[in-house]
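Report on one structure; see the data block that follows.
Per-chain numbering from 1; labels A, B, C and D assigned in written order.
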Amino acid sequence: MIKKILNNPDYIVDEMIDGMVLSHPELIKRVPETGIIQRTYDKKGKVAIVSGGGSGHEPAHAGFVGAGMLSAAVCGAVFTSPTPDQILEAIKVADEGKGVFLVIKNYSGDIMNFEMAQELAEMEGIKVDSIVVDDDIAVEDSLYTQGKRGVAGTIFVHKILGYAAEKGQSIEEIKELAENLIPNMKTVGLALTGVTTPGSSKPSFALADDEIEYGVGIHGEPGYRREKLQTSKDLVDELLKKLLEEFEANSNNRFAIIVNGLGGTPLMEQYVFANDVHKQMKDNKLEIKFSKVGILMTSLEMQGLSLTLLRLEDDFFLEALKATVDTINW
Amino acid sequence: MIKKILNNPDYIVDEMIDGMVLSHPELIKRVPETGIIQRTYDKKGKVAIVSGGGSGHEPAHAGFVGAGMLSAAVCGAVFTSPTPDQILEAIKVADEGKGVFLVIKNYSGDIMNFEMAQELAEMEGIKVDSIVVDDDIAVEDSLYTQGKRGVAGTIFVHKILGYAAEKGQSIEEIKELAENLIPNMKTVGLALTGVTTPGSSKPSFALADDEIEYGVGIHGEPGYRREKLQTSKDLVDELLKKLLEEFEANSNNRFAIIVNGLGGTPLMEQYVFANDVHKQMKDNKLEIKFSKVGILMTSLEMQGLSLTLLRLEDDFFLEALKATVDTINW
Amino acid sequence: MNIEMGIRWMELFNEEIQNEKDYLTQLDTPIGDSDHGNNMSRGMAHVVKAIEEQKPETLNELLKLITTNLLSKVGGASGPLYGSAFMGMMKAETAGEEWAKILKTGLENIQMRGKAEQGDKTMVDVWIAVVEAVENGELTHELIDEAVEATKPLKAKKGRASYVGDRSIGHIDPGAYSSGLLFHTMLRAEAQ
Amino acid sequence: MNIEMGIRWMELFNEEIQNEKDYLTQLDTPIGDSDHGNNMSRGMAHVVKAIEEQKPETLNELLKLITTNLLSKVGGASGPLYGSAFMGMMKAETAGEEWAKILKTGLENIQMRGKAEQGDKTMVDVWIAVVEAVENGELTHELIDEAVEATKPLKAKKGRASYVGDRSIGHIDPGAYSSGLLFHTMLRAEAQ
């Protein structure tokens, strides 16, 4: 059995939200009796960026609520998309009169719940648009699947769209920006361990003492290949090869990267891995203009990490990534 | 065996440092061929705050190098104090002509190596002073032991002294501030798992599937009591009781707290725990004016956390904690 | 179907969901994210609590109550799907349709929301089999079990299970299983 | 002791440290932080490398080289302690003292730096026994082993082992063990 610090698995999300809000009252507040975390920041008549999804991925998304990033985040149950009424409520509290832009990760549940919320909000006269993030290339995109999942790259989407909103861009401009951004961003992950949801007794999958799995998702979904544990260099080699195959040959060789810890992997290992990423990118004559290393989009206590590449097609991407924000965890 | 992402245990610190510097060139740089991370920030003729210690505690300390916090951090081998020559070099590169103030954690090794470095620096005409942090109340302080260890509270010391230095305080003023700060700060931790140093095959200690240990150190040192896993409420109750006993009765009931993840415990659990800390502090009629939750001072991949209380005896402490800084991980 | 039967149905369905909560989660582990048991259990607990508190007096009131509770308490993929199903059923009931047509409208709404076709290895497979059987007046417990079991050899094309590709083969779909429970208890409620 | 013997000593000491690296770390696990083997291994590898490269020609040069390498490569508690020991020895050698007095100065420097007394369960316990025996001309391998072994029943009062209090009883002190290796190899170097 996996040991966890909690009181009751049924209230874990509720207590976590209270803990966040009590710890950071200057930045965020909870919409009472909901799973919605809203920034305390004064409304200024700008487009609001709202995100959300199942919990268990902390600091995503509530840790990115604040000036310059998200206006609100909706926290569902562990690994479970929030419901339409909660998302609707988040849209309403976030709206500053210029419309609300939703960042949705590509999962059946998220898509359906956010879609219903969007329909309801539009019925109430609020302008809503959205983008679906599907950066996880571990899953094949085809007519016969749900398509690629939304994973760690989502945090770059929050950052870049949050900056655009802060700059006063309209919802149409933000939509266009998002549509330019998504095709330039790819992620792939690997796990050293499976993950156990609070209250269950079994992990999502079990790996032997010397095994890793490439291409896992952030909800304990198994990946595309299981192998013996390798050196950091070899892990980077595999992930980078897989990622670079997905980018069309292009004269633009400037990238931003995320090395994202999945929850149980310490920073030391993440930086060893980041070092190999930097070296191998250089060997490939690719330039890294911005790096983010740390825990951003986790999967409970999973050991492992993911690598995200964002091709800097637009100078605005880099400008947005570099801007300062006032959130708990960016 | 514990699985880790690395290339060679002998080079893990070296590669980690390179990874940090390659990822954040705008904030930090490495003094070539040393374990010293220095801020890129322009020298302004202020006192320099320098810290350091064994590695394996990331983001401590290199993640706190930058404007408003540390001028430099010295990274030793995993769980091993850095050597006097390295500390001396850090003192030299950090000095802005106004002297260097060392933040030392209370371990035989750290004390001796920093002391020797201080002697060497003074011989070279650099003004050096220092403070020894010993916030870990799990260990009894007596004539017959090394005394209390320095743990997560060290990060508050960096933050508060860093602010004083940035404000232009003299080394004497900073020394006085540090001497006021240390007695008001106490920490105690608990572990759900032991920890395995890179390259070893055995963990420091082993806990059964339903056991926790109170009072562990950050180098896999065992603690003061082993018990069955309990609810977050009960864990907080034990740690808080233990901490509050150490503070003399005092009319000042205002505190700053740290809930510090030890490396393998996800943010979700840290916030559930933080929620119980806030509630129980309130029940004790104690006010929390500032909270820091996250991974600050880790012990490799250890699962567990520590709780730090700082009594806000001086308004300057709170002002300093709230100030913005430009570091990777504060 | 009438209001008494409908309430009995929901009570029986809730009992089965709570009993089989762990099994549903277990089904959702190899090809999902281990939450279907929790999701359905949370939702159905709210449905029966709302029935007790609000005491719906017509079938239409009951269907409305089921819809809002499933939509606002389940989440994930199953929440909007079951929610859409009951929303469609409520609308068809308002329009005065008979039970077979009501169920069929529920199925249509699931497909409108989730875009799954027969054979995609989802709850839709069970709903299609059941709706057809009800139309022909030949719904039996065996038929339901067979429809649930029939999802086992399929490769998933919708939902989370589609991520594991060929490895989804050999596992019963959790949403198909919970829909099986829905229709087993419907039969039992009608028979009582 | 002379320069040839001294070089042989360091080579033999390095061999033992590398052979016993894992055992030293094992000793440092229950009452320490599992790094004494790594620390000594890293330091001694640098010492022998420096000897090969710099070819010291006098005992004084050798002691200086050992001092700098231990001080700058070991770290932790043992680095400054062994470093201080050899720094003291170098100074006593410069002053023309004989070997017993040289070793005694090494011990004094360890105690000046670390403030440990006899019976605190540290390397000091072994150094005290050895220095006394050398002064009396009766140092043997058995005596060294006994001094190392004698740290086992003690309760630690200095260094990391003091944190575990009574639980330090029953374990040999890792620094005492590595000091034992230092003196075993000294005897062997002198005998060759």
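The definition used in the following text is that a residue touches a chain if its C-beta (ideal position, glycine included) is under 8 Å from a C-beta of that chain, and two chains touch if they have at least 3 such contacts.
Note that the structure is a prediction, hence the values are computed from the model and not measured.
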item	value
Both-way neighbours, i.e. chains that touch chain C and touch chain A	none
Touch-network distance, chain A to chain D, counted in steps	2
Distance-maximising chain from chain B - centres being C-alpha averages	C
Chain B and chain C: spacing of chain centres that average the CA atoms, whole Å	53
Gap in Å, rounded to a whole number, between the CA centres of chain D and chain B	31
Distance between the centres, which are taken as Cα means, of chain B and chain A, whole angstrom	29
Euclidean distance of C-alpha centroids - chain C vs chain D, Å	74
Multi-partner residues of chain B (at least 2 other chains)	none
Residues of chain C touching at least two other chains	none
Chain-level touch network, classified as line, ring, star, complete or other	line
Every chain pair meeting the contact rule	A-B, A-C, B-D
Interfacial residue positions of chain B with respect to chain A in the complex	1, 3-8, 12, 15-20, 22-24, 55-56, 58-59, 63, 192-193, 209-210, 212, 229, 231-233, 235, 259, 263-276, 278, 288, 291-295, 298, 300-301, 303, 305, 329
Footprint of chain D on chain B - complex, ascending	54, 76-86, 107-109, 112-113, 116, 139-140, 144-146, 149, 197, 199-200, 202, 204-205, 217, 219-222
Complex contacts: residues of chain D adjacent to chain B	25-26, 29-30, 33-35, 38-39, 42, 71-81, 83, 113-114, 157-160, 162-165, 167
